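A, B, C and D label the chains in the order they appear, each numbered from 1.
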Amino acid sequence: MLLKELREEVLEANLELVRRGLVLYTFGNASGVDREQGLVVIKPSGVDYGKLKPEHMVVTTMDGEIVEGNLRPSSDLDTHTLLYREFPSIGAVVHTHSDYATSFAQAGLPIPALGTTHADYFYGPVPVTAALSDEAVQGRYVHETGLAIVEYFRQGEDGQPIDPLAVPACLVAGHAPFVWGRNAHDAAHNAVVLEAVAKMAYQTLTLRANCESVSKALLDRHYFRKHGASATYGQC
Amino acid sequence: MLLKELREEVLEANLELVRRGLVLYTFGNASGVDREQGLVVIKPSGVDYGKLKPEHMVVTTMDGEIVEGNLRPSSDLDTHTLLYREFPSIGAVVHTHSDYATSFAQAGLPIPALGTTHADYFYGPVPVTAALSDEAVQGRYVHETGLAIVEYFRQGEDGQPIDPLAVPACLVAGHAPFVWGRNAHDAAHNAVVLEAVAKMAYQTLTLRANCESVSKALLDRHYFRKHGASATYGQC
Amino acid sequence: MLLKELREEVLEANLELVRRGLVLYTFGNASGVDREQGLVVIKPSGVDYGKLKPEHMVVTTMDGEIVEGNLRPSSDLDTHTLLYREFPSIGAVVHTHSDYATSFAQAGLPIPALGTTHADYFYGPVPVTAALSDEAVQGRYVHETGLAIVEYFRQGEDGQPIDPLAVPACLVAGHAPFVWGRNAHDAAHNAVVLEAVAKMAYQTLTLRANCESVSKALLDRHYFRKHGASATYGQC
Amino acid sequence: MLLKELREEVLEANLELVRRGLVLYTFGNASGVDREQGLVVIKPSGVDYGKLKPEHMVVTTMDGEIVEGNLRPSSDLDTHTLLYREFPSIGAVVHTHSDYATSFAQAGLPIPALGTTHADYFYGPVPVTAALSDEAVQGRYVHETGLAIVEYFRQGEDGQPIDPLAVPACLVAGHAPFVWGRNAHDAAHNAVVLEAVAKMAYQTLTLRANCESVSKALLDRHYFRKHGASATYGQC
């Protein structure tokens, strides 16, 4: 069996989403990539989480061709593989319909950086893509979903591209969040934090509609406290 | 004992509603129909879920006459039987007062299709009936409740009737949702998803009051991904 | 030990409030009355629910004088005893700071009858008292709290007194709900339903601020379905 | 090992935050002070709560120099120690990102005293600091966070300093709450109540935006019922 360890990490990430209440029934999926071998491990589509085992994971190439596995891969596979091809620094992708993050996606609104919980994980607003055109939806829809994310990150907010590891999530308009990280554990962790941050942003904005984002200085301070060479959080 | 298997399915659907937090105390009921025998199996009224067993289920004709069972059937029986008579494609009905869906019913507002979670299950807005007239309330009230649903689906949104399996739920104004499906498992599953969709719609609309529905193209794409001959979701 | 059975019922009602998430730490209390003996059984003040036993309950007269018990009774005792003296049809009183009902009390707003869940238990809006005057607060405050409730029910909405068993709850402005019933089980049950109804009313009103109440006809239909001589709900 | 008992109390306070749902992953920290010895006991940074033991706690001086412990202390240490130096009456500090209290902090809004649940614990609004200047954020940020709290309490609302034990919490703008108490148990208890009070304030204000605070008389009555020489709540 290929990629035994990665299968276990991807399964564990899927289960973390369930434990944290981010997925209802089978609404969600996680995958991981082995860049040396050029292989992706992803959850099968529509299988009960209670029954998932490492051997149920599906292994595909970076283009989504199945290499090992008897089950059909997650129907979002093409978004995952596109993200791996276009964002070389990421090691895992998670997709959920977690309810507060999805509500921002449905509203077509980004999640602004309203506080330090956000800044600890996301170095700026969590963006929302434009709505997909009818052509995109009727064409290679799952691929186009990934493309909308990638294009947003390339263009960035002010003509400045966004580093996918600095903002490890994107809301797809009218759909839900995609989240990623260096590995499957981080991607699931980021998805859980995204939902918490989205809930607080919802509450903040319904209390005070035109609430301003935190300062660039505070964003820098918190983000670099947990990330980069001079991080001071946790045990190193 | 008649319809042993159907009794078990109906009981299991009732219990799924409890497990998912859709019912408080005894507020809710599920039923199933055996169309060959022309018999309905329904939860008894006001019995503690913890004590429910298959033999407590009540069996009635399609007109609600009791055929087997010592307990009084759910007080909503006449709505269930009317739906079975008028919607020949459905196999089970669920009624809950799940709190977000009920809040839309109380507000007299449909749940618009704001995202793909909705589109995966409901091919268009989940409608809300008009308020029942005083005559209807004072007359055959439970029957009239079903009639309000059936009439809404017959007239449809734009003079086009709504297929009950394409939109397997309806909110009764000032009351709560009725949900159905091909069988008891599906009906309960649809009721759970309806509540999740209603929660996200609530959050979306309180963030952005005039949020637009997803495009017809996206509705088609998601709905037909899970339904019909060319479905690609899950393991077939 | 006096009133063994009533002590157990009152303890069980207190525990039901905990199980249903209506009380945080020791914020809440339930009592019951034995009208033949003219005695009240009430939870002691500030004792951990996990340690409560029937023998910890405090027995007082209808005027709040302690007859049996080593612990200090709930600090809300004088409200309970006043309600027993003034509302002869009630057998138990429950007080919680359950969060949605308390939010209406804090907003100084009644909970309107927006749907049938409400109508099944409360035959009209759950009223909110006027804010207590400074004199009342500085005087016999706990007694005055009860007085504000009783006066509201005596005057009623349109000069018509309200029957305490038809509307078994009242919000005290800037404070929280008091709820009652025929016995301790019913009072706790009503408190749990009140919180569910308040949550749905909150959601309904934040979706649609000027939402109208259900018709008198619907209120009658639902209320008398569960109450009175011609009730048809449950197993009789 | 120094301060065995205080370590256990501080650990227990940290765990109470987890049990009550106030912290996600490792987002939160509690500390306690031994004023006789001039030593502070604080949770280590970023360690999984499930693995925390008394020996993992870090002991520092009142200036934050580590005296005992192999792990790095919470990254918020300098806020804790400043509060201990400036507020001589407090014995413990708790910091969480509990979601309703944090939402008020993000909105830059104090939590007004809208009801008696609030008044039982907080003798007036729970204040929010001004946003930190860029200089403060870029300088000794964690120390400056404490300074913003201390300065707010010194200046007070109307030129009248606020007693830290009368209002045992402060929201840091764009960040989250800091809460304290006479000892670690009380500080954690106050943090849990703060979150409940914040949730109810959120609900109250979204129901009725310009809701007024309770009267000074009611604030006095409730606060002094639980605090001070003439307290009447609980078992003394």
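FYI, a residue touches a chain if its C-beta (ideal position, glycine included) is under 8 Å from a C-beta of that chain, and two chains touch if they have at least 3 such contacts.
To keep track of the chains, here are their UniProt names: A, B, C, D = L-ribulose-5-phosphate 4-epimerase.
Keep in mind it's a predicted model, so treat the numbers as computed, not measured.
Student: Can we say the copies chain A and chain D touch using the same residue numbers, with more than half in common, or are the two sides different?
Tutor: Different, since most residue numbers here occur in only one copy.
Student: So which chain is the furthest away from chain D, centre to centre on CA atoms?
Tutor: Result for max centroid distance from chain D is chain B.
Student: With chain centres defined as C-alpha means, what is the inter-centre distance between chain A and chain C in Å?
Tutor: Centre-to-centre distance between chain A and chain C: 47 Å.
Student: Provide the C-alpha centroid distance between chain A and chain B, rounded to the nearest whole angstrom.
Tutor: 33
Student: Taking each residue of chain A in turn, which ones touch at least two of the other chains?
Tutor: 206
Student: Are the chains arranged, by touching, as a line, ring, star, complete graph, or other?
Tutor: Shape of the chain contacts: a ring, since each chain touches exactly two and the loop closes.
Student: Taking the complex as given, what residues does chain C use to touch chain B?
Tutor: Interface residues on chain C, with respect to chain B: 114-117, 189, 192-193, 196, 199-201, 203-204, 206-208, 211, 214-218, 220-221, 225, 232-236.
Student: Using the touch rule from the top, collect the residues of chain A that touch chain B in their complex.
Tutor: Per the touch definition, chain A meets chain B at residues 24-27, 44-47, 71-72, 75, 97, 99-100, 102-109, 131-132, 134, 137-138, 141, 174-176, 202, 205-206.
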